[in-house]
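You will see subunit A twice below: alongside subunit B first, and alongside subunit C after that.
Presenting the complex of A and B:
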C-alpha cells in the first residue's frame, strides 16, 4: 500500500501542483478544499487510476468520498481490489 | 479613429520638440493617414490620424478660432451633426465639417460638462490655454483607451502605453498586484495597469490637470436601480428596437464605407440586419473561420450572409496562425491575456484593412447589457439549485448549459456542487455569479515564483474588487450584480480593449458598437431581468424585439461562446509536434528563472503535460496562455522596448 500511496502522491503533486508544495500536502487534505482539482482534474485523476491500477470506475463512483484525498483514494483502490478478487 | 499622446510639464520647463513626435510615432498603426503635433513651450498634444469624417478638414491637433483651446481626439461623436446645427443656431461658426470641432465649440459653451451632450466613443485631451488647464475625458463605457502617468514632474498621457514609455523619464516595471488581479479577474482593476505607475483613466471619467493638481471624477455610472415595471413586454421590445435602429443609424455616419463583423450569432446578425433593413448602405461583412470544427461557425455565418445578401469575406485561422500572430497581439494588448481569443480578431482586422475598409460595426455589448453570457445563466441555475441542494433534477441544467465541456457531463452532483459553489451560504456572497470563474482562474497563481508569491501574500484581490463596488451594488438583484461585474470590468478591461480596440487598431480599423450607445445601455438597465433571461432563454427581449427580421435558426440557436484554440497552438501534442522558437525561448527554464515571475520547474511540468496531450482543462490552458503572454510583455515592454524599431512606414 505504501508504494500506491507514493504513486498517488507523485501523480497529484506533478499533475495538479506542478511539482510544488509536496511537503504541505497531507494524506487527509481535501483536494476540493485545497483547490487542487477542478472538474477536469477529477477526470484526469480517473484516467490515471484506471490506467495505473487496471480498474474500471463507474459514473456513480465519481464522488468526493472516493476521490477527494490521498486517504480516500487509498481506501477506494483497496475496495476496488477486493471486489476484483 | 486615431491615436493621441501628450505632455504637460508641471514645472513649466520646455518640452524637447522631438519627444511628442516620437511618442505619436509609436502608435502610427492607430492613425496612418496623417500626424500632427501642437507644442507650446511646456505643453504638447500629438495626434495620429485615421481619416473617417471630413477627410480634408479634420486635421489635428485642432484649435478653436482664437487658438485659446487645442484638442487631440481619438474617437467619434456620432451625434455631431445635431450638435453642430444647434451650435450654429446659437451663433457658433465652424471652419470644418468634423466632429472634432464640435467638441471644441461645446467645450467653449459648457466647459467640462460638454461631454454630457455626446453620443459616442472618445478619448481626448483639450489644452485650455487661458485657464492653463489640461482636460482629459474618456467615453462612458471605455470603448477608447486612455492612459497617463506622472514622471519627473511631467504629466504624460496616450492612447497606448507604448507612447508613454517613449518618454525618457518613465520607468518600465511589472506591477505584481496588477498581475495578481489579472490572474483572478482576467483584467486589472483600473486605474491600475500591468505596469507600475501607469494609470488608466476609468470609463465614464474625466480628469483635469491644473496648477500641478490632478483631479479625476466620474461623470456617468452604470445604474440598475431604476426599474419601472410599467411597460408590457411588447413596449420594452419596441423601445429597444427603436433605440437600436437609431444607434445603428448614427454609427453609419462616415465619409468612408462601413462594414460589419459577422460571427454567426445573434448580436452581429441583429446589427447586420439593422444596417440592411433600415438603411440603404451596401454592406460588406467579415468573419473568422477555424480549421478546427470545435470552434468554427462558418456555416452559420454563410447562412446569415446569404439571408441578408451581404458581400461576405472570411479569413481562416489555424493554430499555427495564432502562434505566429501572438507576439504582435501582445504588443498591442499591452497586458497579459489568459485566452487566445484576441489573436483571430487580429487576423480579422487585417482582412478588413486589406479590403480597403476602416470602419466596422459589431455586436459587442449586447451580452453584457441584455444578459447573454453563460455566466448569467449559470448563476441563475446555481441559485435555483442551491435553494434545494438535494435536488436530482436541478444539477442536470448545469450539464445542459455546457454541452461542449465533456468533463462536466460525467461529474457527480457532489462534485458539481463544489465546483459551482452551490451551497446555501454562497447565495448571499456579493460575487455569487463570478465565484466559480474567479476561483478557478486564481488557481493558476500556483505558477508564480516563490518570490512573487511572498510579495503577494497579503494581497486579497476579492477585497480590492469589493472596495471598488458602488454602494448601490449591494442593493441590486443578483442578475444586475452579475451584469455590473461584466459591464464595469471585463467589458472595458478585456472585451473592448484586448479583444476590441487593440486588435482592430493594430490594422487601423475602427470598431463601432450600437449596443453600447449610452441610450441603449441606460434603457437596457431598466429592463427587468425576467425579460432579459426568460427561464433559461438568454436575451429574450432582444429576440422578441427583432422578431422575424433575422433568420429563425439564429434565434433558436443557443449561445455559442466565442472561443479559439488555446495551449496546443503553441506547444502541440507529442504526435503533432509544433515548434515555435519564441515559445521555447520564453518558456525555457533559464529564461523563466531569469525573469523571476514564474516557477521554472512548474512551467516545465505544465509544458510537458500539454505536450503529452493531458492538459485538457480550462485551467491548464489559461495558465499556459497567461504565462506565455506575461513573458512576452516582459520581453517586449520591459527588456527590449527600446530595440523595437518604430514603424515609420505609414
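Presenting the complex of A and C:
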C-alpha cells in the first residue's frame, strides 16, 4: 500500500502542483477544497488510475468519496483490487 | 428598476419558497431577503457610501449571494472576484477600483493577508467562517460576517434606497488586452435589461429549478442567481463541476429544470459512459454560451436529453448577451448562434464602418440598453469598443468578433479580430499570460497561443525562450504561472525553444507557432 501511496502522491504533486508543495499536501486534504483539481483534473486522474492499476472506473464511481483525497484514493483502489480478485 | 428588487419582489410574492440551495443549506426567499437587509444595514453602519466598490472573494456559497444583494441594497457596487485568483491579481483588482471593503472567507485569508499593506483604499474586511489565526493589521477593520448579522438582527427591512437605475451596480473583470484585467461597468439598468430579455426567451418562471456550477465571477454564473430570483425560481449553486456524477445525482434529486453549460462541460457529459437518454424527466432546458458547441456535440447532447430544449447562445461580458438560437431552429441551423435577443439590435459592419448585407463577414455591433458604460477608468480602451450610435449620445458596442448574418438575421461566428483565447468558456488575453511569463527573470521571450482541444475548446500553450545558461524545465514555468494566474489561465503545455519565429517586421509570429502545433488532447477521451 505504501508504494501505491507514493505513486498517487507523486502523480498529484507532479500533475496538479507542478512538482511543488509536496510537504503541504496531507493524505486527508480534499483536492477540491484545496483547489487542486477541476473537472479536467478529475478526468486526468481517472485516466491515470485506469492505466496504472488496470481497473475500470464506472461513471457512478466518480465521486469525492472515492477520489477526493489520497486517503480516499487508497481506499478506493484497495476496494477495486479486492473486487478484481 | 434596480437589481435588488428582483429579490425583494420574490420575497413578497413567495416568502416561504426555497430560493437558494448550497450543499446542505436551503434558504427561503424571506430568509434571504431578511439576511441581506441585515447585512446591508451592517455595511451602511460600517460607513459604506453610495457607489463604493465592495469586492466579494468567495466560492459559490450562500454568503456570496447574500453579499451581492446586501451590497446592492446598501447602494454600493459589487465585484465578484474569481475564487481561484491569486494574491497579486487580487491586489491589482482591488486597487484598480479602489475597493472600500472586501467580503471573503476565513479559508481565503492566507491569500489576502500578505497584500493588505498594498491595498491602500481597503478599509473593511468582512470574513465568513471561523477565523482561526489572528490577523494583525491595525489599518484595516476585520468583522466576522456572523457578528455583523447578529448585531443587526432587528434590521430585517430594506434600508432606504440610495441609487437610481442608471447608477453603477457591478464591475465584472475580464482579461485585458494590455496584460491587466479591466472592469466592465454595468448599471442596474444594464443588468435588469439583460436579465429580463434572457428570462423571457428561456421562458423562466417560478416553477424553475436552476442548477449552476459556474462561478459567480463569470457573468453567466452571476446571472443564474439574478435571473432565478427575478422570477421566483429556486437556484442550486454548486462550487464545482469536478465530480460530474455528484452534479448528475443532484439534477435528479432536486428535479432540476434548467442547466446552464459551457462547451467544456458538454464535452465532459458526452464522455460519460453510463448516461442514458431520458434520465432527467424534469429537465426543461440546457443553455450553452461562452463558445459555440460543435454541431456534432449538439446532436449528441440532444440524443442524450431528448425532450430538453437546447439553447445555443452568444454574448460577451460587455453587454452580457447578444443572441440566442430558438431551440426549434437547432436542427436546421446547428452552426448558428441565433438571432438578437429580445430588445436588442445587431448588425455587421464592413471595414469602412458601413452596415454589411447578408453573407458578408464583418464585425458584429450591438445596440441596446444592456451595453456597458465602459471599462473602469480606461477611457482609451473604452473608446475602442464603445462608438457613437444612431442617437445623440448613444454608444454601440463593437464586439471584436467577426460574424456573418444570413437573410433571416441568424448569426454565424467566423473568428476574433484579435488573438483572445477562449478556454473552458473563459476569455484569456495572451498578453496577460505573457506578462506573467516575462516576470520570470530567466524568460527572454514568450508567446502564448490557443491550441484546439476537444474538451477545453482551446488549450493555452506557452512557448518560451530562456536566457542562456538557464536550466529550468517546463514544469518550473507552469508552477510559476499557477502561483500567479487563475486556474483556467495556467498554460496546459509549455514548450522551450531556442528562438521564436519572427515576422518580417521582427514581431513574434504566433501564426507560425500555431501552424507548428498539433491539436491538443488535454484529457484522453474515454
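Keep in mind that, in the parts below, the second predicted complex is superposed on the first by the 85 of 85 C-alpha atoms of A that agree within 3 Å, B and C clash if a C-alpha of one lies under 4 Å from a C-alpha of the other, contacts with A are read in each partner's own complex, and residues count from 1 in each chain.
We adopt the following convention: a residue touches a chain if its C-beta (ideal position, glycine included) is under 8 Å from a C-beta of that chain, and two chains touch if they have at least 3 such contacts.
Keep in mind that what you see is a predicted model, and the values were worked out from it rather than measured.
Chemist: Once the shared chain is lined up, is A:4 touching subunit B (first), subunit C (second), both, or neither of them?
Modeler: neither
Chemist: If you stack the two complexes on chain A, which partner ends up touching A:41: first (subunit B), second (subunit C), both, or neither?
Modeler: The answer is both, since A:41 touches subunit B and subunit C.
Chemist: Where does A:74 make contact in the superposed view: on subunit B (first), on subunit C (second), on both, or on neither?
Modeler: Once the two structures are laid over each other on A, A:74 reaches no partner at all.
Chemist: In the overlaid three-chain picture, which partner chain does A:55 touch, first (subunit B) or second (subunit C), both, or neither?
Modeler: Neither subunit B nor subunit C is touched by A:55.
Chemist: Name the chain, either subunit B or subunit C, that contacts more residues of subunit A.
Modeler: Between subunit B and subunit C, the winner on subunit A residue contacts is C.
Chemist: So, does A:20 touch the first partner subunit B, the second partner subunit C, both, or neither?
Modeler: In the superposed model, A:20 contacts both subunit B and subunit C.
Chemist: Looking at A:64 after the superposition, I want to know if it touches subunit B, subunit C, both of them or none. Which is it: first, second, both, neither?
Modeler: both
Chemist: What part of subunit A is shared between its subunit B contacts and its subunit C contacts?
Modeler: Dual-contact residues (subunit A): 14, 17-20, 32, 35, 38-44, 59-60, 62-64.
Chemist: Quick check: in the complex, which residue numbers of subunit A touch subunit B?
Modeler: Those in contact with subunit B are residues 14-15, 17-21, 32, 35, 38-44, 59-60, 62-65.
Chemist: Residue numbers of subunit B touching subunit A in their complex, please.
Modeler: The touching residues are 405, 407-408, 410-412, 414-416, 418-419, 439-440, 443, 446-447, 599, 601-603, 605-606, 609, 614, 616-620.
Chemist: Considering only the defined contacts, which subunit A positions touch subunit C in the complex?
Modeler: 14, 17-20, 31-33, 35, 37-44, 46-47, 58-64, 67-68
Chemist: Okay, in this complex, where on subunit C does subunit A touch?
Modeler: Residues in contact with subunit A: 84, 107, 239-246, 248, 264-265, 268, 271-275, 424, 455-456, 475-476, 478-479, 482, 487, 522-524, 526.
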